[in-house]
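Here you go, one structure.
Chain lettering (A, B, C and D) follows the sequence in which the chains are written, and residue indices restart at 1 in each chain.
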Amino acid sequence: MAIRKEIPIPLEREITRIEPNSIVVRGVKIEDLIREWNFSEVVWFLIKGERPTPERARMLEAILVAMCDHGPTPASTKAARLIVSAGSPIQAAIAGGILAFGDHHAGAIELAMKLFQESVEELIEERGLSFKEAAQAIVDDHFQRDKKIPGYGHRYHKRDPRPPALISLARSLEVDGPHLRLAVEIEKILSETKGIHMNIDGASGAILSDMGFPYLTGRGIFAIGRVPGLLAEVLLELLAYKPFRKDL
Amino acid sequence: MAIRKEIPIPLEREITRIEPNSIVVRGVKIEDLIREWNFSEVVWFLIKGERPTPERARMLEAILVAMCDHGPTPASTKAARLIVSAGSPIQAAIAGGILAFGDHHAGAIELAMKLFQESVEELIEERGLSFKEAAQAIVDDHFQRDKKIPGYGHRYHKRDPRPPALISLARSLEVDGPHLRLAVEIEKILSETKGIHMNIDGASGAILSDMGFPYLTGRGIFAIGRVPGLLAEVLLELLAYKPFRKDL
Amino acid sequence: MAIRKEIPIPLEREITRIEPNSIVVRGVKIEDLIREWNFSEVVWFLIKGERPTPERARMLEAILVAMCDHGPTPASTKAARLIVSAGSPIQAAIAGGILAFGDHHAGAIELAMKLFQESVEELIEERGLSFKEAAQAIVDDHFQRDKKIPGYGHRYHKRDPRPPALISLARSLEVDGPHLRLAVEIEKILSETKGIHMNIDGASGAILSDMGFPYLTGRGIFAIGRVPGLLAEVLLELLAYKPFRKDL
Amino acid sequence: MAIRKEIPIPLEREITRIEPNSIVVRGVKIEDLIREWNFSEVVWFLIKGERPTPERARMLEAILVAMCDHGPTPASTKAARLIVSAGSPIQAAIAGGILAFGDHHAGAIELAMKLFQESVEELIEERGLSFKEAAQAIVDDHFQRDKKIPGYGHRYHKRDPRPPALISLARSLEVDGPHLRLAVEIEKILSETKGIHMNIDGASGAILSDMGFPYLTGRGIFAIGRVPGLLAEVLLELLAYKPFRKDL
């Protein structure tokens, strides 16, 4: 659970100070946030305690948008729709969906971030490997342990359409760095040898790492991005289908 | 559970079409959303099936920002921190927080929206009352039934700082309409007679109603806005405090 | 949310007194409960504040056993298995299953209990109808409002095998009373006219009502009975299947 | 996640067979379970696929009773009461309580079971240490790593009253074995050197291990025992207190 010291998140023991008639978030009045801040700036500020540059705020927003919905296929969406279909309220259904953000679902972002962050630090910065060498070492290590590399491959898509859009945006906004570079090198090897490509977890995890998010924040950021989709899917189930249907 | 016919939400039985290598949200490719859409536009699009005007998207974003955190005081935040402190993972803590979005917490937005939407339709449009008369009728009715009016009064704030900022923004963006007008008239009566003012539920509920959101969407929209704060509070508990502390 | 005055549950504002080295549940030391009480006696005691007769304890136990599992078909079981399959821990999966105990699933017991309790009080005790007349009035009322009667019909079983076993046991233990009698009269009419029979919600709801449980306790009692099945199903998914499988 | 081969749980990919008018749990008709089985026998049967001896069923029942409630102090109970107080339904509150069964709460049983099971196998059976030697090795190892031994110490009780009652019952029923013997030896060392005693997690974990439950089942068994208490506490909050009170 250790957070790497180079990528700190603030631990002042108070995020929002509540006093009568006053709500101050990390030192900024809520009225000012309402008037002048974008949503993704506020997300960044709540987690990391600093206001991001416009480019970084735009990139975080695009990552949240990329996560917004994946139709009825994910375990989270299925669980949420089952719960509302059984007659529980919308908050219970959204919560039930979020419960499915385990290590094989949203948690995969954290696993990818952890891999990228530890590898950049240990293989590249400390041991002085090139990105290509580090990528090969990671692939070999997972292959020998018969493990999948988190952030690559998708059970529905051979080529997940989200990574190219995110990577291209990261480069044009110039918010990319060593984690994305490593992630791309890994993809080169995997696509050549196995036809496996980067997925949303890999792309968003690498870019979030380049923007200084510790891996522990990954599945929560996914939750922020996916709640809109969960809500839309739950409203659809509630309004367009018979309750407690057998074919769900 | 009936959704008023004038404020429809789309029920095409499919929100996002998943095909191999393709994710299409309500007819728009995910790559295009990533490149060109704001987060609040996507939230609006997922729920209501149309792209909002820039003013409306900005207003929805400000409402989400207004909901972002309220420190450690709400039942949702307390539940989330208790769960992570007991050693369950972040997704379980966020889910536990959302479970507290019941009728006395986030659900109050829905109750306020329902009141405003039904009153504008029945008292103003159908019966022809003025906004002032309608407001008085609502206050009298709740007073006689010894009921609180949802959207007014706050257990911590005499004057919640968020409504003035939201109302002022709504007016400058020209997205306000009859629901907010009614909400303000109710506040005039309550503040004169009882010193009670509008709260975040009332202000955001009225503006969301003016922008065509059916009341059933209220607590889900609150969830979208509050997950960032839940995440930040949960990370703080996890990283800055001893596990399973007695004083939580 | 009013609890009928004749069927009180204790509201002393403390269930279990915790003092250093001492755990006293409603006045009884935990050591004595461990040594001398059955599980169903403790369930009864926690909810109703009195120790049941052996016959009533046995009947409650049989009701809990009847609820223990229904294979992979219910929404609750599906949600629980999806959550553990996605890599979240067992407590998250059980919780997600319980979230599906909405008005169309476990909540149906409460709806059946409410119907039986209100009908016995209003139709039989106050208005003096016979059980047969009351049953006919209930059937007619639901038919006219085009509503299903809670506690009858099952989406998988034409004849749910659990009600006959429960009813027969209730009679042999002599814990049956007017609610079960009314429930059986309703079934007679429904089976003759529509081929619909009593289900587990109806049988357990009627017997719980006869034993003095207010309807508000119904879905919680179902939860007590069903958690063992949820646990077994979740362990099976975790141990016998590939994680995050598409065919779940 | 490996289950030790000597303590198997059945993995036939079907627990309960559902066919029209038929519910068969691990080969036994539900009607027979209702008529002839105790609740704790059914719990055992669902998890382990065999009917226990009467002594073992009685012991499991006593363990479930020991877990039934711990007043308003645990994180699980606090979370559950907060959720119902905020206006969410009973199933959401019970689920929220169960979400707090993390590694520092109910999960401690699993950690204790894992320690006892691995130590009996590796230290006693394989390496041939005496129980006293094994206990000393475990204490030394945790002391050197500056780790607490799971199953010992309690944040409210110096002497948890539940372990002596459970251990005494286990011995009189003759269901005790090497895991409990090791657990008692550890307690001897800890109580002499540090004044720390066994807690409910240690006692129930050791006895469950002696009865052949793999550690992975521990927190689920705790959930079965604690749901009655969560229900009673939630009903109390709902019926005896003002909604959304600040002092909760």
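Everything that follows uses one rule, which is that a contact is a pair of C-beta atoms (placed from the backbone, for glycine too) under 8 Å apart; a residue touches a chain by one contact, two chains touch by 3 or more.
In this text, all values refer to a predicted model and were calculated from it rather than measured experimentally.
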Self-contact between copies subunit A and subunit B, residue sets same or different by half: same
Winner on C-beta contact pairs when C-D is weighed against A-C: C-D
Approximate Å spacing (C-alpha centroids) for the pair subunit B, subunit C: 35
Whole-Å gap between the CA centroids of subunit C and subunit D: 24
Separation of subunit A from subunit C, taking each centre as the mean of its C-alpha atoms, in whole Å: 41
Touching two or more other chains - residues of subunit C: 73, 88-89, 91-92, 95-96, 99-102, 107, 156
Subunit B-touching residues of subunit C, taken from the complex the two chains share: 88-89, 91-92, 95, 99
For the subunit C and subunit A complex, residues of the former touching the latter: 73, 75-76, 78-79, 82-89, 92-93, 95-96, 99-105, 107, 155-156, 243-244, 246, 248
Subunit C partner contacts - residues on subunit D that touch it in the complex: 1, 3, 9, 11, 13-18, 20-23, 25, 29-31, 33-35, 37-40, 42-43, 46-47, 61-62, 64-66, 68-71, 73, 89-92, 94-96, 98-102, 106-107, 156-162, 164-166, 169, 216-217, 219-221, 223-224, 227-229, 231-236, 238-241
